[in-house]
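Each of the two complexes below includes subunit A, the first together with subunit B, the second together with subunit C.
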Partner chain A sequence: MAGNPEKKEHLYKILVIGELGTGKTSIIKRYVHQFFSQHYRATIGVDFALKVLNWDADTIVRLQLWDIAGQERFGNMTRVYYKEAVGCFIVFDVTRASTFDAVVKWKTDLDSKVQLADGSPVPCVLLANKCDQAKEGLVNNSNQMDDFCKEKGFIGWFETSAKENINIDDSARFLVQRILENDSNIKRDEEDQDRITLGSKQSEIKSPKEKGGCC
Partner chain B sequence: MGESNDQDNTLRSLVDGYGFDRSKDPQAAAYDEFMADYLSILARRASRWSHMLSSGAVIAKSRKVKRFCRKGIPNEHRKGVWMLLSGAEEKRKMQPQTYKSLIEGQKDAMIVETIALDLHRTFPENIFFSTKDGLRNSLRNVLVAVAHHNPEKGYCQGLNFIAGLLLLIVKDEESAFWLMDCLINDLLPDFYSPGMEAIKTEQEVLGEIIRWKDPVLYQHVQEVGVQWCLVGTKWFMCLFADVLPIETVLRIWDCLFYEGSKVLLRVSAILILQNRERLLSCKNFPDMVAEIQQIIRNPQSLNCHKLMKRCFKKLGSFPSARIAKMRQDCLTRLG
Partner chain C sequence: MWPNKKKEAPQGLEASPPTKEDILSTLENFGDNSEKENNNNKAPSRNQSQDSLEDWEKPDPPGASFSNSYSAEWEKLFKRKNYRKQLRNYAMNGHLRSSRFRSVCWKVFLDVLPDDITQWKLSCRKSRSKYTELKDRLIVNPRKAVDSSGSDLALNNPLSQADESPWNQFFLDNELRLTIKQDVIRTFPEVEFFHTAPIQEMMIDLLFCFCKTHTELSYKQGMHELLAPLIFILHCDHQAFLHAAEVETLDQINEPDRDIVKEIMDPAFLEHDAYALLSQIMCTVEPWYNAKDLPVNKSREKLNSIPFARPQDLNSSSAIVTKLTRIQDYILKKFDVELHGHLERLEIAPQIYGIRWIRLLFGREFPMQDLLALWDAIFADGVGFELVDFVFVAMLLYIRDLLLSSDYPQCLTCLMRYPPLADIGYLIEKAQYLREPNHFPRPANYTYQTVNNVKSPVSHKPTPQAGANKTGTPQYPQHKRGSSASLSQVEDAMFKQTPSPSSMARLETTNDRFAHSIPYEQEDSPMNGNVAKFSTLPNLKAKGKKISKQLAEFEHRIGDLQGQVNEKESMALYCANKLDIHITRLQSEILQQSLENEDEILLAIAGIKQVRDVLKGTLRFSQMEEEDMKMKENYFESENDNSSPETVEQHSQENKTKPRSQSKRSGMFYMSSEDNSENAESPIEGPVPVETPRKGSIRKEAHVPREEDREYELSDRAPLGSRKPVVGGALSQAVDATEKSHPLESSPNPLYDYNCSVDSV
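Right after this comes the complex of A and B.
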């Protein structure tokens, strides 16, 4: 981290949301620890994981992944969970169509509670997880899925399997690519305005000092 | 249990007395070391409890029983004492048909499905829950009964870990059910309501307690931007089950069934306060979040006897009226 002083370091907050039991925790564990287990526990509240990417020769990307409980009532906490996120995965389970039906609800919740600094929606990738198993519903038709994503404002979708390690890295790279583009666009705008310097990335993700009240 | 400590690690028992597989537990060695010392404390407590019970004393609320609970209830008496002090025994006697009729009655399909999704995700490292046999069916029954007995709350994730641990200790569904009923309806704030107001409030109360006991630390946590509701959701919702080591959780529950939810705030506060130096050294959000994840795993959390002592002695006065006022203020603020 301290090594090359010229290296740019980014810290990004990424949300992982979706219905209960769709494999959010499994995806994160696969991505961060290159490991899959049938024995994950139900996530209560929110869990955190950190993934460090050597993005290119002079860029380090640190992703803080927020693994958020899937039961609907935790939606009462999501305002504080979502705060200052710059990317999001919405996960559904291809073997249970009801989890796909809930995708729009999650997307709406996300967009209503958080935006990027310039007011645009947080880039969001749809993950059709457990694709190593028999699929149910719309996910069988990739044209329709493309249309669905375009219509609902997803930047893309991937069939994933945390178990078989399918598309986990690729989908993350796709999202991070977009986040970096957004970041440099926003930075350019800001620099045009008042020449804010790059550098202290911590300040980006740090919450504004608020007294009390959350959620 | 103690003899194998000095020998090769592979000789260590892989499954503890509650059925938790510790072969992959990074804390296993520390746990064994702690247990070697703790066994003598357990033996002393067992003899003190036997003495009290053999003298014909009825287990009812008294200063002595409260003190005894705070020092830990021996495993062989846990079920009986929890049932009596919480009021669960009374409820079961008064409503002998309730559990059976809930199990046999009409079910809400959504609730049953949601519970089914959590069965294999409850203590997967415990031999009684890691396979389809064992206690999974009992877990389903208890959770379904609780959800249908409290239709305004339904099933709330987190209850699975509480029911699971209760089953491991009391070993019968109906007792576990009534203990949960006492927790949900008598001993705890309304943690499991769909709106989650009480859970959010309790975490703000924890923040207020830190502000009261250690304003410098409070200020630092604020500046780093870690909100209290990111710290304690699982602590409070699971009553520390699947959070702290099993012996520690049981010691907390020994107090919980006697004196109610205030002990949860005490434990939460002491976990934060006893790690103040580490937390103060965290300069940014990811570091502090990682440190908080570490708090529950460090040896101080494992040594339940010392932890509980600190909870009551070191934390000092903790008046109920003040806590009640904090709850009220926090609830209003969250409004």
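Right after this comes the complex of A and C.
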């Protein structure tokens, strides 16, 4: 072994799902390419983007972001698209309450078709997108949103705006953080407490809920 | 035959619908040798007019007695005995590309118009009035209902919760309309034509009516993009018609026909005609949108004739999955086992990329003009759109080399952003050949060349904007950047343009939790992968019956080798560009500091510049080497005490044979022994100090035996120092990365490092 600490590299597949026109593609473009346009075409089937994060000095995280067409919840192909995902964003549009109503349906679809290696549900962050516009429904009440997330098994929620670049990076960091934790958890199980340092670090960063209701 | 393919490159069309002047200025002629025919054409953009003039000036082929007039085109297309067959030929061969009657041809192909031309007027009127009626019935205005019937106000008011309330229906409809609108406003963002309110309103109405009459399907995303080109070509044809009417060429069409043309080209019925066309297309395409149900083949007997279908596939839950599976697992496998195996290995299911290809009839994969030509062929081929499957496979084959040398994310990226295609006609030819190899000539095996497409974007970087993925610049997976995070933005952008070498080995590294991210190591890894691949290539079993197969194999191999060379070239180019950046920085930095030994440093920089030029290919490697030899001698004469004993030995030998003529100050730093001259043919490989000794020796077995014979040394310290910032980070990482390497091997001794790196070349 060389003397230097080895650079760890992780490859994660993250899904971005939600109703039609909630801004999934915009969020991804903002996150990956740092720009926004009104003129994205409707996603047909699935699209795909890559993002590299230099997480810390010795960790690189490569994200495969799968942008799944809103239409596809009605199809039977989501299983193929969800395969091997380790994280998920479910997006709704704060200006259209109907897109929020569908969030649970998406979550159910997700949980029924994919789990982590250890059988636990895929960590899922709820994104209340277009928060630069007038809001409609539950999203106006932050406490209720927290309860909703707790109840439905989301690890947290963020108000986002791809247009104004609000919370896009933060929400991604939040999700990746959790994925890394899960990963090292699983690894720790496998390696039987081989990594003491990681394990102890983990207990420090536990409370996602404080972060959850931010914005 | 595809005349003037290059000239027809679709350009400008996206900008705006053609005006009458455009059409006027772009009448053009195809010289069609195979059929001794002339076609009259309208090119929809000004850009094409100049090119096409040349063609126009060419004399008509013998036997062609008509001019380019509107009437002549009409006669040529529709006034022959077996005109349908003729039309089909035109369509399959790309001759409708500039036709002013493309919409009519499509109507004929899609059975919107009957065979008998004398029936066209009647049939036209019928279908139009049907749509008018439909629209009146379906688009409910509850306010009107109040006025006309004066019905029960308890029921007929916006707040009524009753199901029967016209308002209830109105609100439901409104929801559907909003869903449709959401997509319609996102139709072809780069084509302005679709951004105008009347066109969008028309599209919404039309799709709404379609959904209301096809309740079991309702609206599905993608229909709007099938509709858009229909509206577009109708509009173009109408413009051409209006122009012809204005300049009175219309009168040249004889009486009964003139009426027919007037009737079918009536711009007032654009919406109606588009509806008729869309309905016919949807008849075939509908099962591909219906993800849930078993395929129910309605009256399209061609869909039933799935030649390779196994019973178990038919049990698949949706038609689209069945179709895609058949395409990948039967057609593709039949023609390219290797590619099929590759996709299987990477677990790239056709659903992932193929859904969009199929549902939109390739609408997003090609620029509009190419798309229309492709649709010409697909529609002309038969209402079952059987050609789609083969176009699909032809598309895969076209990028096979790219796919074969790509890892999972790269494969997905190029499948989802199909690289630009020189000639859509090639795909059509190829598709026809794939379907009926015995009836069609085998088209040349074009494949997408990574190089060309990689090099060109270096100069024009893609601008990040809407529809950027339609611009055609191949986009390389960004994660390939590896640990470039520390680099500046400029370099980042450049890195994106560089062809990321790829290999399955690479995929393995990414999957490895502890994979190291060293770009330079990645740059080299494909060689490992490819070498391995080559050893499997001359597969005797697979050779089979024909020589042609063997030939094809050789072609593949050449393609692969070409790909490797290209990779190397672009790597060198990349290194050169990087060097450029750092040299500039270094220079300005040094000039600012006005150091004492500035000259030394500047000379060293000059040396680096030479290396850069070698990398760029502007300075020949052999030239450089020669100079080096001279240099080296001089150097050792004066600074013998600096070098190690062995090197002195070596060079004293060399000194006997070489004349000394140059001063040591000529700024060289790259030294090589005679052994290296063998590499003169591949200059780009030379000065890329990227490898660790272990790797190098393992990888290039051929060089191993010579390792001991070689000696390298540094003639100048400064270049080494300045080399450090260029590749230093990567190099040291590379050293770190060789986990097994002996601690001594990764010693911080720069001399050693340097030796290693040259050694591996």
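Quick note on the criterion: the second predicted complex is superposed on the first by the 183 of 215 C-alpha atoms of A that agree within 3 Å, B and C clash if a C-alpha of one lies under 4 Å from a C-alpha of the other, contacts with A are read in each partner's own complex, and residues count from 1 in each chain.
Simple rule for what comes next: a residue touches a chain if its C-beta (ideal position, glycine included) is under 8 Å from a C-beta of that chain, and two chains touch if they have at least 3 such contacts.
Quick caveat: nothing in here was measured; it's all calculated off a predicted structure.
*Asks:* Can A:V80 be said to touch subunit B (first), subunit C (second), both, or neither?
*Replies:* Once the two structures are laid over each other on A, A:V80 reaches both partners.
*Asks:* Given the touch rule stated above, what does A:G21 touch, subunit B (first), subunit C (second), both, or neither?
*Replies:* Both partners.
*Asks:* For A:I44, select first, second, both or neither according to whether it touches subunit B, subunit C, the two together, or no partner.
*Replies:* In the superposition, A:I44 contacts both subunit B and subunit C.
*Asks:* Have a look and say if subunit B or subunit C is in touch with more residues of subunit A.
*Replies:* After superposing on chain A, more of subunit A is contacted by C.
*Asks:* Who does A:R62 touch here: subunit B (first), subunit C (second), both, or neither?
*Replies:* Once the two structures are laid over each other on A, A:R62 reaches both partners.
*Asks:* With both complexes overlaid on chain A, does A:E6 touch subunit B (first), subunit C (second), both or neither?
*Replies:* Touch status of A:E6: second partner only.
*Asks:* So, A:Q71: does it touch subunit B (first), subunit C (second), both, or neither?
*Replies:* both
*Asks:* Both subunit B and subunit C touch subunit A; at which residues?
*Replies:* Common interface on subunit A, subunit B vs subunit C: 11, 20-21, 38-42, 44-46, 48, 50, 62, 64, 69, 71-72, 74, 76-77, 80-81.
*Asks:* Mind listing the subunit A positions that touch subunit C in their complex?
*Replies:* 1-4, 6-11, 20-21, 32-35, 37-48, 50-52, 54, 60, 62, 64, 69-72, 74-77, 80-81, 187
*Asks:* Per the contact definition, I'd like the list of subunit C residues that touch subunit A in the complex.
*Replies:* Listed in rising order, the residues are 179, 182-183, 186-189, 220-222, 224-225, 291-292, 317-318, 320-321, 349, 351-356, 359-360, 364, 409, 412-413, 416, 464-467, 477-479, 481, 483, 485, 509-517, 733, 735-739, 741, 743, 746.
*Asks:* Help me check something: in the complex, which residues belonging to subunit B touch subunit A?
*Replies:* Checking each residue of subunit B against subunit A gives 114, 117-118, 120-125, 130, 156-158, 160-161, 194-197, 200, 204, 207, 222-225, 227-230, 233-234, 237-238, 242, 283-286, 289-290, 293, 333-334.
*Asks:* How about subunit A: which of its residues touch subunit B in the complex?
*Replies:* 11, 20-21, 38-42, 44-46, 48, 50, 62, 64, 69, 71-74, 76-77, 80-81, 202, 205-207, 209, 212-215
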